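Handing you this structure, nothing more for now.
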Amino acid sequence: MMHIIKKNKFLLLLGIVALLLPLFVHSKFHLNTLILLLLFATIAGAWNILGGYGGQLSLGHTIFFGLGAYTSSLLYLNYGTSPWIGLIAAAAISIAAGIFIGWPTFRLKGPYFTLATIAFAEVIRLLCLYWRDLTKGSMGINIRFEPGLSNLIFREYSSYYYFALVLFLISLAIVYWVDRTRVGYYLKAIREDEDSAETLGINVTKYKMIAMVISAGLTGVAGVLYAQFMLFFEPESVFNLNFSIEIALIAIVGGMGTVYGPLLGAAIIVPLNEILRSSFPALSGMNYFIYGIVLVLIVSFMPNGLMPVLKRIPKKFKSRKKVQVSGSRKKTAS
Amino acid sequence: MKKFLMFLMAAMLIVLTACGGKEAGGGDSDTLEIGALFPLSGDLALLGEESFRGAELAVEEINKNGGIDGKKVKLVKGDATDADAAQAEANRLVNQENIKAIVGSFSSSISFAASEVAERNSVLYWELGAVSDSITDRKYKYVLRTNPPASYFSKVHVDFINDVVAEKLGKNVKDIKVAITHEDSSYGTTIAEEAKKLAEKEGINVVSVQGYSAGTNDLSSVVLNLKKAAPDVLIAVSYMNDAILLTRQSAELGFKVPVFLGSGGGHTMADFQEAVGDKADGIFDVDFPQYSINREFTPGMDEFLKMYKDKYSKDPRSGHSLSNYMGMKVVLDVLAEVGEVDPDKLKDAALKYKAEAGKTSTGWGVEFNPENGQNTKSEPYVHQWINGELITVWPKKVSLEEPQISNK
Amino acid sequence: MTLLQTLISGLLLGGIYSLISMGLNLILGVVRIINFAHGELLMIAMYISFLFYSTMGLDPYVSAILVIACLFLLGIITQRFLIQPILDTPASTKIFATLGLSIALQNLALMTLSADHFSVRTSYQSDVINIGELAISIPRLIAFIVAISVAVLLYLFLKKTMTGKAIRAVAMQRQAAYLMGVNVKKIYLLAFGIGSALVGLAGAMLMPIYSVYPTLGTTFVLIAFVVVVLGGMGSMFGAFFGGLIIGLVEALSGVLLDTGLKEAVYFAIFILVLLFRPSGIFSLGKGAEEVGLK
Amino acid sequence: MIIQVKEVAKQFGGLRAVNNVSFDVNSKEILGIIGPNGAGKTTLFNLISGSLPVTSGTVTFNGEDITSQKPFVICKKGIGRTYQVVKPFGGITVLENVMVGAFNKASSTKEAREYALEILKKVGLDKKKDQIGNSLTIADKKRLEVAKALATQPKLLLLDEVMAGLNPSEVKEMLPIIRGLRESGITIIIIEHIMEVIMSVCDRIVVIHHGEKIAEGTPKEIANNEEVIKAYFGEEVSHA
């Protein structure tokens, strides 16, 4: 039991710091980056349950993200239902979609599963563009900026930050629960060797489905946060292969099949994106050229992500790190 | 494990401080900073960059003539490849670089997303090129637009059919069959839908409307449907890739239409003419002003062309640079009046700013509708490819040649 | 009548899709890697073909040999330096490595060659053979014929020559081939090289039909996957017939259904085939489940 | 009688890998299955454990017909198996490997971890519990196979050549483990080529040749059964 208490003491510390951050960080641009960071960490965490733990590499998670955003926004715009209810509806629709897609594709293995998820995402994107009277097609969805708790629109960025933080902590708790219980162990077994897992009494399809349901539901809910934060989105921004790829990348760079991997991945990729986007104004294309090269290097030299690498840092080096940490924290309190 | 998480915490904080470092960037006294948000990479890079060049030239021009009250004007660039990037970049410009006015954006979804952020932070968003009506329909307090929206395009489509096509084809307007094809992004869809609405209101028979995915690499089915519909007029709203494809495959499959009304996204560029050669001849292009135009009506266009050639050692790829240039000059005129980059003062000064048609480099007048910030005096013209050159043919006041329609 | 013309246009489009996918079929079949940069290989091939055209005035069909050689080299370099080091890593690494390459190549092209659309103007480009009402465009017909001949040549090469047999052996069972003395590393280099060379040929054939621009690859890469998996991974004629099917499906659904849905239709068909015959229509009927590329 | 295999057959296209094999196993008994390579022994295990569907015939376990049921259902009913070609969960630790099996009956992670540690002690892998699956030697991987199957608390354990590839001393270490299983009340069917193990451990032996049962009986009977010798050493030897 000692181990668990010692760990939570530290998590508490991490939580407190996360809670106080908005007081330190005033500029909206930083808050915007932090909100996106938490959003992507949440979704990458959700993806990690299916992809990292279960080994089912889906590149179709944009389906649930888009369905979540569209469900809550269309309910809000057409019937005035508050996005708080939209959160539940979004989770329900995404879970249903998860089951609908998972059921047939779980029989497939490896890249066949991945290609099937890409195909599903493309079909849904094209349908969303096609059914203009339902989804307003490529005109996109615009939610009027009427701040208010009931319509989940806030004037202050810090409120969105806390909303994103709560969502992230929920997803972290779920991943923590998965990692600690039968579900996590079974998923890892399925990832390592499906046949051998089945003969040990694991209903492979059922546990893949459990991972899909959790993963889809969380991603759908995160879609609602995205819609309420951006207040404008179109099929191209929410049903997009690059989005599915980015969240998978964040989980992979961070460390697949680990609890904190996605958070670490997001803490690197999201700011990197922001910085790269505004650098090299002179030479258009250079920023994403570097992004591509960095992608190749990270994935080739750290196939299991950063987490295992950091764990292997020798104790001596880490203790020196501690001294530096206290020093750097004072600096940010400007 | 525990020690590691301390390390993670440190990593996150350090990254944040790195972003914070640039805080001091904005607000030096001797420069007037204006944000510039365009798609400079990705699928829209071609016309995104072309549009940005227009704004850049206008700023260089005014800085050469001593800037504004001695202060240099500086364009702070942002590369917004899509709506998400636009939101993030707008946020960076507003909150990080303390920008108080932003010009942009060529693409409607970028303009929409970025102006959303600008409005929330009461920062002026001055659109110079994106056409979707919804940008100004929102009636936001801090959104202005100098270029014509999609509904003005469809007005030109319909007026051109009424005034020119009906007479040239010797048909009553009611009997003219119109088909519409458009790529399915916000650009194509808005113009196509506006054209359909207005045409039906005017009693023009719209026989088919076909949308297709912008990234498609085959339009044979679109062309074959058109052959079946056999329209007199085809309104085609496309980007470059599908514009070339449509023209080439129409020729291959023997689809001919007396009046082919192309659009700014694809049919105006030299690349299009180079790709399809003489098949371009006869194609109309409803778009921002081009360069073979009645120069009396567009003073300042020659200087612009010279500046463009000197800086980029090539002729402009399309009219987008010119319209962004003209729009930027209006912004700079208003800024000169106000003297500082203050959103509210700039907005009021802009609403008072008036210019006659025929007195600007695009020939557009300038008068902003106080309700939605749309320049009501701007209008697209009709140009036509004649012997490999894009010449303005309608309306009369700007045309150099008569529209050539043969009833073959 | 339009139906007959749709079939012809569909077949000709299918010829283009098979031409593009045959290279991927070899790479996916042998090296077992989802190469997201396949579209960029095509883009580079077309840029090289255009450079020969604009600098030396060489017609794309004439410079095809040179483009093939360049791409063969590029394929070997990619395999040797990017793919080889990560051969034994999980599938996710391979996907993201090729993805990083794809993003880098697109933006390298944007930086060096700008975002302009370059196209070739040749005499035969818009010639059409007319049989009564039907029209068959020359460049598309040539692409179709080249696709057939490449399929046959590839078939003969893989079936008859020793190297071909070695490549097929590696495709079926890498370890077994390795034990039998096949230099698997060399075969991978060759497979990736030939695969890229085929893309070079496709690039040369496509130059008169399409204009080239930095993000051209993105419009073709997903189709290439659909064609290869639909046709049956690794089977020589699979990619060829897979391409024809997708071309026909796209043309027919555009005319009969709606032009906005034609891509959605062939993705839907792709999903159905994946579910009921994951090893593809024409593959040798290998056990569906274990044709995984772990 | 804990398990009854009746007229079980398996057809792969033209090849009849298993041809109407029948035998019974009584509770707490150790049944050996021997036969030359390719006789269909492993296929028979795959049929019993549900990894492969049966072409014909039935398998009844504790009176219940479990023919061609899903492997995880059969495992839950109490049949554990090891694989001839070892299939460890390579990326996770030895302890986690066994815990996956333990979860079959355990209700909480703690219970699963404790039971897994117990099993690891039994098979002598407790010192290597934190090693990653792939890093083990063949012998340890074989032990891990047994441990994983044992963790599911089976009533019947199918051991498929757990001794193959082990050196004599490792074989000696494995024997007491197997005998220990019987004491804890588990019935065992063991496929093995090492006669010394079969003769010393098994109560009864079934001999499979070309997919058919050619003999059944005590180790002594089988040792000098004409048919068996002929099957193993070919025609000439048996006449000498």
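Worth pointing out:
We call the chains A, B, C and D, going by the order they appear; numbering starts again at 1 in every chain.
Here is the rule we go by: contacts are C-beta pairs under 8 Å (C-beta built on N, C-alpha and C of every residue); 3 or more make two chains touch, one makes a residue touch a chain.
These are the chains along with the protein names UniProt gives them: C = Branched-chain amino acid ABC transporter permease; D = ABC transporter ATP-binding protein.
Computed from a prediction, not measured in an experiment: that's the story for all the values here.
In terms of the stated touch criterion, the partners common to chain B and chain C are A, listed by label.
Taking the mean of all protein Cα atoms as the centre, the chain whose own Cα mean lies nearest is A. Once the centre of each chain is set as its mean CA position, chain A and chain B turn out to be 35 Å apart. A straight line joining the Cα centres of chain C and chain D is 48 Å long.
Chain A and chain C have centres, each the mean of its CA atoms, that are 33 Å apart.
With centres set at the average Cα position, the gap from chain B to chain D is 73 Å.
Those residues of chain A in touch with two or more other chains are numbered 126, 129-130, 284-285, 287-288. Shared interface positions of chain C, defined as residues touching 2 or more other chains, are 107, 110, 214, 258, 260, 263. Remark: chain B residues 41-43, 45-46, 49, 181, 184, 210-213, 215-222, 224-225, 227-228, 240-241, 244-245, 248, 251-254, 269, 271-272, 274-275, 277, 279, 317 touch chain C in the complex. Contact residues on chain C toward chain B in their complex (touch as defined above): 2, 5-6, 9-10, 13, 16, 107, 110, 114-119, 121, 126, 128, 130, 135, 137, 140, 209-211, 213-216, 218-220, 223, 247, 250-255, 258-260, 262-263. Those residues of chain D lying in contact with chain A across their complex are 49-51, 70-72, 75-76, 80-81, 83, 87-92, 96, 99-101, 103-104, 109, 112, 133, 148-149, 151-152. Of all residues in chain A, only 180-182, 185-186, 188-189, 191-193, 195-204, 257 touch chain D in the complex they form.
Of all the residues in chain B, the ones that touch chain A in their complex are 1-20, 23, 40-42, 45, 49, 77-79, 82-85, 87-89, 91-92, 94-96, 109, 112-113, 116, 119-121, 132, 134, 138, 184-186, 188-190, 211, 213.
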